[in-house]
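Listed next: structures, encoded as structure tokens.
The same chain A turns up in both complexes below, where it pairs with chain B and then with chain C.
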Partner chain A sequence: MSAVLDPPLGAIAAASLRGVSKTYRHFHLRDIDLEFATGTVNGLIGPNGAGKSTIMRIMMGLVRPDRGTVAMLGRPASSSESSAKREIGYFSEDMRLYKAETIAFHMQFVRSLFPDWDERYAEELLDRFGLIAKQKIKGLSQGQRVKALLLLVLARRPKLLILDEPTNGLDPVAKQEVLSELMQTVKDEARTIVYSSHHTQDIEQICDTITFVDRGRVIASDDRDGFLNGWRRFRLQAPGSWVPPQIAGLRAEASFGNLRVMTIDRYRPDVEEQLEASGATLEGSEAMTLEEIFLATVTRGREECRR
Partner chain B sequence: MNAQAIRILFLKDLFLSRWPLFGYLVGGLASAAVACLPNEAAGFIGFIMMVTVTIAAGIHLIGVLLLAESADMTRTFVMSLPISLLDYSVAKIAVVLVTFLIPWAGMLASLMVMVFVIPEAKPGVLPFLVMVFLFMLAGFCLQLITAVITESVGWTIVVVVLGNVLLNVFLKELREQPSISSLIESETLRWPPLALQIISVEFAAICVALGVAVLFQLRRKDLA
Partner chain C sequence: MTDESVTVYSVYMNRHSWISLSQSDPRALYLQVIEQIQRRVAVGDLPPGTELPSIRQLAADLSVSVITIKRAYLELEREGTITTRQGKGSVVADRPGLQSSMAQRELDEHMNQAARLGILLGLSKSEMQRRIAEAYEKSQRKRK
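== the complex of A and B ==
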């Protein structure tokens, strides 16, 4: 399944992928259609090896797709095209800086390529992140290394931020500092963020729209509230002879004796009435976390693939 | 092609390789000085030292500037900046070549100067030295192509070893050519046709190797 989220009326897509596929020996990225509207924060959630990083590398022109087209800020994304990257900030968890050099060296290097580099903001970030410009990269902790990379990305004031697992390996304090800085960044409504993670809590905290990726495919895409309000889990008491009613969006059903648990992804207020009218006793209904929604979607998607 | 981006990348890599570059330049000049001592054994040792410095500089600089960037994932950082693959490739191949050429040219230039300055030196040896140095440069270009294509330390070392063996064969063959061996002890500087032919072939091989390296880099599909 592929998904394209319609951008809000009047919004221009900051990035779009159409029919993008890429084949490696042991991995296939298939028919990815995605569109990220300007001024939105977009989350890509997927397990390790799902294809999130490949999607982002294709967006940056670091990996050439076998099929499909990619446009970034209205320009084609390719390794031969560098103009779009002037306005894009890319962070990847496996990206490294030069170990033997200092943060100041990297700031100087990046500044020389970006006329809009904001030196005052860079100094502010140094201070806020507790970094020392003269510190060598090899002496930094994992959290400091991530912050140094983010500083180099944020201080160029990019219109589009592509962040691939930026909070991986960070302690809770460092993670919160990084997420807070990103929240500050998105206060500017013209700025777009595409953020990938397998930590659903991070995505839930900052993203407006969310896309689930698994095994090289987009398996669901919606805005955050669409996911959180649309999914519900019901606990019912029903006799063994009970026949469940036809409910739109029924995703999973499990029985434990007379206890039934039903999960639906298109919740409407009349669902409770439908269930009770069918002869079951509703014990409770609860909203689901993004992680639970993600797991249910992945499980269902994999079952459908097996069939 | 963005000349400004290429210049910045070139200077960045030159800065990153400053210490090995300095070491090889000093080592190369010291070897050239030893080779010019008025003593046959010292001359031989100096020559071996120069060959060693050249081979070591080649593999080390390719390792530091080219292979390490891919293995250490610093290339992902560089390519996330507003740089096209053409800018990156041109800058990378240019800086690897220039950093090798600095000690290489330093050694060759000091030998040339000393051949004319030291009274006991035989200027006739100059074409022989030029042929040997160009052979080593061609061997370096071959290592460069291997590194660009395979991004493998192992394969690059295989080519280094192969180049070293071929250098010995080349030296033996040169000394067995009467028109060349007679030059080595000659008091007058002459450029026999065979020497000019060998130099032309070496130049052509260097140009082809560099062209292939740039072309292959540009055809690369994935950079991260």
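== the complex of A and C ==
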């Protein structure tokens, strides 16, 4: 953990999962322990089918876990208390809108159900997202449909936003509009976002904490800088007889003749010296992108499973 | 992916045109924020006492994570460019840049890297000195 989140951005958890497991015929979600602090933006990254959506559905109480407990804004996720649900906004691509109706109809509909609906903010979002209230859902492009769905969630001003792949299929402009709007919502430090994506770049841009999910497990979870500062890649020249020094988290990734590529997930500034002291010549030492870190973590995790 | 990264910050930049972040810049975003605030302070655009936007406000304006801006502000505070008072936000310090330890550290890192590469290429110490002098003069000419 880097020192930046110390003291943490929010001391109280907006949402937490403890030992959550769920078994389907072809998929197991195993022992998920996660905590999302109030006021933070939290990213879930994972390949398709990793379990991100299942985790979010469990958080929303749409799926009942076989084991474990979930608390949302201090209340159990399964609770039918409407006051809890009222403060939580959920977005998922498979949410349906009435095709023959207009955006205005849906705004009216959601407003009738949620007393916290902020009409002025809804109008602002219409404008900022370039949507036309009178337009029917069936005439919208994919990007417009996603933005309309997000508008309906955001204008309720929820304290906790659970967003399942909100930027999937958006063009770069629409994506930036959405990310920007999400950051506007957390100007209020009482608000929290949990956000899933397989675009590591979106996550790297706006998230304070990042969780990697693969094959139904959480394989790593840290604050953003913890990942970006903790990982490093080295290119070394070393004879065939070279034995890598014993450094925690150091791994050989590839070798071509005398060239070795090593990565480390617990980087400290003295690692380069230790490598050189072991008889290797350092050719380069570079920071890694979140995408590279994610791929390396998935590969390591899968290898460890095989053992 | 690559063509997207170029457009990432261009769309919403106009909200806070005094800082512009680039994802094609290999340095971490927080370092870019630090550098640009330092530069604005150095040229006098942000005189002592100027209020800076709150961490969350700037994060929202630049569409980057709160942790990025928080880290930048912490570093700026540590090296004396800004001061932060609980509940009152951050202002440009009275005598900023007295010890810009941040930039010093960055310079040291680059120097070490340059030395390492020099040794790798088999350059002598005097050859390295000559090259650094050359680079220095080149940059100086560019600034004029």
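Operating definition for what follows: the second predicted complex is superposed on the first by the 291 of 307 C-alpha atoms of A that agree within 3 Å, B and C clash if a C-alpha of one lies under 4 Å from a C-alpha of the other, contacts with A are read in each partner's own complex, and residues count from 1 in each chain.
By our rule, contacts are C-beta pairs under 8 Å (C-beta built on N, C-alpha and C of every residue); 3 or more make two chains touch, one makes a residue touch a chain.
Bear in mind that the values here come from a model prediction, so they are computed numbers and not experimental data.
Visitor: Name the contact category of A:Ala248: first (chain B only), second (chain C only), both, or neither.
Guide: So A:Ala248 meets neither chain B nor chain C here.
Visitor: One more residue to check, A:Leu259. First (chain B), second (chain C), both or neither?
Guide: In the superposition, A:Leu259 touches no partner, neither chain B nor chain C.
Visitor: Once the structures are superposed on A, label A:Arg86 by its partner contacts, choosing first (chain B), second (chain C), both or neither.
Guide: Once the two structures are laid over each other on A, A:Arg86 reaches chain B alone.
Visitor: Given the touch rule stated above, what does A:Arg57 touch, chain B (first), chain C (second), both, or neither?
Guide: Only chain B; A:Arg57 stays clear of chain C.
Visitor: After superposition on the shared chain, which partner residues are touched by A:Arg96: those of chain B (first), chain C (second), both, or neither?
Guide: first
Visitor: Could you look at A:Ala277 and tell me whether it touches chain B, chain C, both or neither (first, second, both, neither)?
Guide: A:Ala277: touches no partner chain.
Visitor: Considering only the defined contacts, which chain A positions touch chain B in the complex?
Guide: So the residues of chain A touching chain B come out as 57, 60-64, 79-83, 85-86, 88-92, 94-101, 105, 109-110, 112-114, 149.
Visitor: Would you pull the chain B residues touching chain A in the complex into a rising list?
Guide: Chain B reaches chain A through residues 2, 5, 8, 12, 15-16, 72-74, 76-77, 79-87, 220-224.
Visitor: For chain C, which residues count as touching chain A in their complex?
Guide: 1, 3-5, 7-8, 11-12, 23, 26, 28, 30, 56-57, 59-60, 63-68, 70-71, 74, 116, 120
Visitor: Going by the contact rule at the top, pick out the chain A residues touching chain C in the complex.
Guide: 2, 4-5, 9, 39-41, 172-173, 175-177, 179-180, 183-184, 186-189, 201, 205-208, 223-225, 228, 281-283, 287
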